[in-house]
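Next come two complexes, and both contain chain A; in the first it sits with chain B, in the second with chain C.
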Partner chain A sequence: MRIPAIAAAALGVGLLPLAVTSKYQLHLVIMAAIFAILTMGLNLIYGYVGQLSLGHTAFFGIGAYTSALLALRLELGFGWTLLAAAGLAGLAGAFIGHITLRLREAYFVIVTLSFSEIIYLVVVNWVDFTGGPMGLPGVPSPAGSLPGVGAWEVTSKVSYYYLTIAVLLPLVLIVYRMIRSPIGTAFVALRENEDLAASVGISAYRYAMIAFVTGAAFAGLGGSLYAHYVGFISPEVFTFHYMIMMLIMAIIGGLGTISGPIVGSVLFTLLSEYLRVAEKLREPIFGAILMVSIIFMPQGIVPLAGRLWRALRRGRFETP
Partner chain B sequence: MLTEVLQQVINGLIMGSTYALTAVGLTMIFGMMHVVNFTHGEFYMLGGFFAFQLTALLQLNYYLSVALAILAVMAVGFVCERVLLAPLREKSIDTTVLVTIGLSIFLQNLALLYWGPTPKSIPLPFSNMPLRWGPMVLTWSRILAVVITFGLIVLVHLLIQKSLLGKAMRATFQEKDAARLAGIDVERIYALTFTLGAGLAAGAGALLGSIFLIYPSMGNIAILKAFIVVILGGMGNFLGAIAGGLILGVAEGLGAGFVSSGYKDAIGFVLVILILMFRPSGLFGKARRL
Partner chain C sequence: MRLLDVQDLSIYFGGLGAVRDLALTLEEREILAVIGPNGAGKTTFFNLLSGFLKPTRGKILFREQEITGLEPHRIARRGIVRTFQSTKVFPGLTVLQGVRAGCHQRVQSSWWDIIFRSRVFREEDRRIAAEAQGLLEFTGLSSRRDAQAKDLSYGEQRLLEVAVALGARPKILLLDEPAAGMNPDETNRMIDLVTRIRAQGVAVMLVEHNMYMVMGISDRVVCLNYGQKIAEGTPQEIQRHPEVIAAYLGLGAAYA
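Then we have the complex of A and B:
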């Protein structure tokens, strides 16, 4: 049952551009994939380790700015800017994590948010380097040269879709392997009962750090893809708006599940497009969605769908 | 030079007193209910807009409008607490953080729909010409803000320390199960604390809105400042929040005057990170005190 399902999913992902021919719809799919990368990172620290970080946008922004600046100022190729974005975001994650992961609950929430605000203020004020509030226009589309292949450039939506998927899929695999390993077990142990986990020798600091830094690097990759795709970035990438989007996606998809962030990103991207009909009511509805989903459906869609599936097969519905 | 320092200190104290007013409610809500209330900034914003609605559009008396705005926001806060937070009583702190974030987006964007994005000013009943006092410059609206702010803080302080209700609040704060056993209706105390906190934030919004301008996203920066103050003073520490507010205000005033006005807003965040690295229970020692 597993292998055919995976094969079907792979075929679906691979052939999607054949079905989705409208450029606009393909754009939505690309954005959903970028958000899936960001949300997967957030899910590691919040969904698995259980620490609510409100600073995830900082790493998204760091990744976007690193890529944009390297591409614009040093004219580096895409491979380098992507790697540098992940590396610098991961490094920032290690630094911020070192300070914040000793804190718990309310303190952790507020201090991660504080770091994100500080980085935002630096980017806004350091006009010579970052372009300040005006942002950085003209970020080039991904290009580079490979030995034996020659120069390449990703310009069309279809090729950008495949590029994003090429980044996303290995990350899914990394998360899958990580969660199925003792590291993942340690994550969940910390989330369920930190004292008990500590008593069997699981270091909260070390494992939370692994999740936090990996998540930060993911966000850096997402930021890099975003910057090269949209071609323009401004300090807006640090705003709380993106944090809210990621939170809603992680929650409606299913916290602490592997496919949850992807399902949530696709669903919420589509949903927010349909909500354009509601025009000005769209933003208040986002707030309402966040409230409703955390109150009535804190487990998210993926676990719910899993229970429904098993209920259909066994003819009886289990309650969690 | 000296007068410049004095001027910045005075400006800082004025700003700081409104920070304190916002933070006092936040710290009470946290200490009592263990809720990090992200909606607090929206109560502040609504305080400003209700005062604007009453003065500019309904032509009511300024002082009456501020009082009514505070009462109206208290009603909003009461409803929010009963409908959204009461059912989540035993949930984790993350749950209430996310719910109050959702509520904050909801309220802020409703305000944006109703009042529009253009900043508004609250008409004042007196001439707001700058007053010169030696080399220093002040305006009536600022003096008034400080006076009313401290009036409100003293009022709440007396309520907590002297009244029977305050005694019940302090008991709930210290040990909620024992308080319940002693016959205190803890649910009522929670609702009251939240309502009171919302009212104080609204007061700060109306007063600061009279000095500057009001706009739908004004709560975003206010809530961040209030978080900073609450951590500086120690979470749940009433007097700590007042001191923390004044310290932040003065630090920002001096920072803006002598370092860089662009980085003024970063001062508080840096302070918070330093405090948590070296003195996690806040500047004033013991974390749990009301």
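Then we have the complex of A and C:
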């Protein structure tokens, strides 16, 4: 039953642009896929290891700025800017992780948040290099040249959709394989009981670092895709608004699940877009949705759907 | 070679010496019980041995190498693994996953092995699955392998703790009140388990209030009171020791 399910999902993802013909709706799907990449990264450290990082926007922004600056200043091709974005965000993650991962809980939350604010201030004030509050306009669409294929450029929404999916899918596979391995077991062991994990030789620092750096690199990739897609970035990418978005997506979808961040990103991107009709009420509605979902489905949609599915097959519903 | 050599170990919390000038040794395959009234410093002593607390003074030598003040996961990797007084399991993991987490330090696969599912990873995965299964049989938990740890009965959780600890292949297993809150039947199962663990070549040190268990399986007993060692000897010697009797019957004031 698993292989047909995967095949059906692949077919759905592959043929989606045929069904979604409106450019606007395709735009939403692309944004959802970019958010899914970001949220999957956040889910590693927050959902699996259980440490809430509020610095995830910093890695998103570092990825976006790295890509934009390399493309604008050095005219590097997309392949390089994407890799550099992941690499630099990962390095930043290793640096800040090294400092903060010896801290726990509230301290970790505060330091990661401050880190994000510091990067924001640097970007706003270093006008010569980053363009300051005006941002960086004219980030080129992904383009490059491949030996044998020749020059290529991604301009249409449909081709950008496939590009984003081509980045997203390998990341899903990486997360899946990490989680279904001793690394994933160590993550969850730390979340469930850090003292016990230490007492059998699991290093909290080491595994939190693996989750944090991998998550930061994911955010860098998401930032790069975002910069090249939207074509304009400003220090706004570091704002807490994006952090809240990612958190809600991770929590609603299901923390510590593989598909939760994707489900959460799709649902919440659509929802927040349709809530634009009530612009002023949007943020309070976000808050209300988050509260209601934490009260009524604290584990998120994916585990709830799983329980419903098993209950339907067995004919009774068990509470967790 | 002496397995464990504790020298002049002390820890002070402010002015309070929770463990003071404690000297103690443990030999290969020995079962040593640490007893004493509540607040005598037994659990503090275990916390010092396992690295959860750093001593104010003194040394801990494991096979003649100093391990004093190392972080808990490093001490575990040397071969000293503990359980906790208040039952600690991984509540959301299944019994099998928990034991696999216990086997963690033998994982050799790199990140790349894991992502590409290399042969190193696949062979290791099979090996660890088999080891974990073996430990479930050893502790009598095979029938519960797919249950979540939080759904186990109290007695089963305590067995699971031991199984998780054994996953780390300790040379010394520290058991903090393994029989606390157990009925006589469960206590007997625990005694049987500890005896079989020793038979595998593991030295066991236990903190325990259940005298039936202590006297039944220990080779040697050490009694602590107010952070200091007041007596040491065979179970028979300890049972007759006047200071031990005084400490337990509350006549300590008479000696002060």
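The rule is simple: the second predicted complex is superposed on the first by the 319 of 320 C-alpha atoms of A that agree within 3 Å, B and C clash if a C-alpha of one lies under 4 Å from a C-alpha of the other, contacts with A are read in each partner's own complex, and residues count from 1 in each chain.
Note that a residue touches a chain if its C-beta (ideal position, glycine included) is under 8 Å from a C-beta of that chain, and two chains touch if they have at least 3 such contacts.
Owing to the predicted nature of the structure, the values given are computational and were not obtained by experimental measurement.
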Fit-or-clash call for chain B and chain C when the two complexes are aligned on chain A: fit
Partner chain(s) touched by A:291 [first = chain B, second = chain C, both, neither]: first
A:196 touches, of chain B and chain C: first, second, both or neither? second
Chain B versus chain C as contact partner of A:103, first or second or both or neither: first
First, second, both or neither for A:236, with chain B first and chain C second: neither
Broader residue contact with chain A after superposition on the shared chain, chain B or chain C: B
Partner chain(s) touched by A:111 [first = chain B, second = chain C, both, neither]: first
Touched partner set for A:178, first chain B, second chain C, both or neither: second
C-alpha centroid angle, chain C to chain B via chain A, nearest 10°: 80
Smallest distance from any CA atom of chain C to any CA atom of chain B, in Å, after fitting: 12
Touch list for chain A against partner chain C, complex: 174, 177-178, 181-183, 185-186, 188-189, 192-193, 195-204, 210
Chain A to chain B touching residues, read off their complex: 46, 50, 52, 99, 103, 105-107, 109-111, 113-115, 117-118, 121-122, 124-125, 240, 244, 247, 251, 280-281, 283-284, 286-292, 294-295, 298
Residue ranges of chain B in contact with chain A within the complex: 30, 36, 84, 87-88, 93-95, 97-99, 101-110, 112-113, 220, 224, 227-228, 231, 235, 260, 262-263, 265-266, 269-270, 272-273, 276-277, 280
Touching residues on chain C, where the partner in the complex is chain A: 50, 52, 71-74, 76-77, 81-84, 88-93, 97-98, 100-102, 104-105, 107, 109, 111, 114-115, 117, 121, 125, 128, 164-165, 167-168
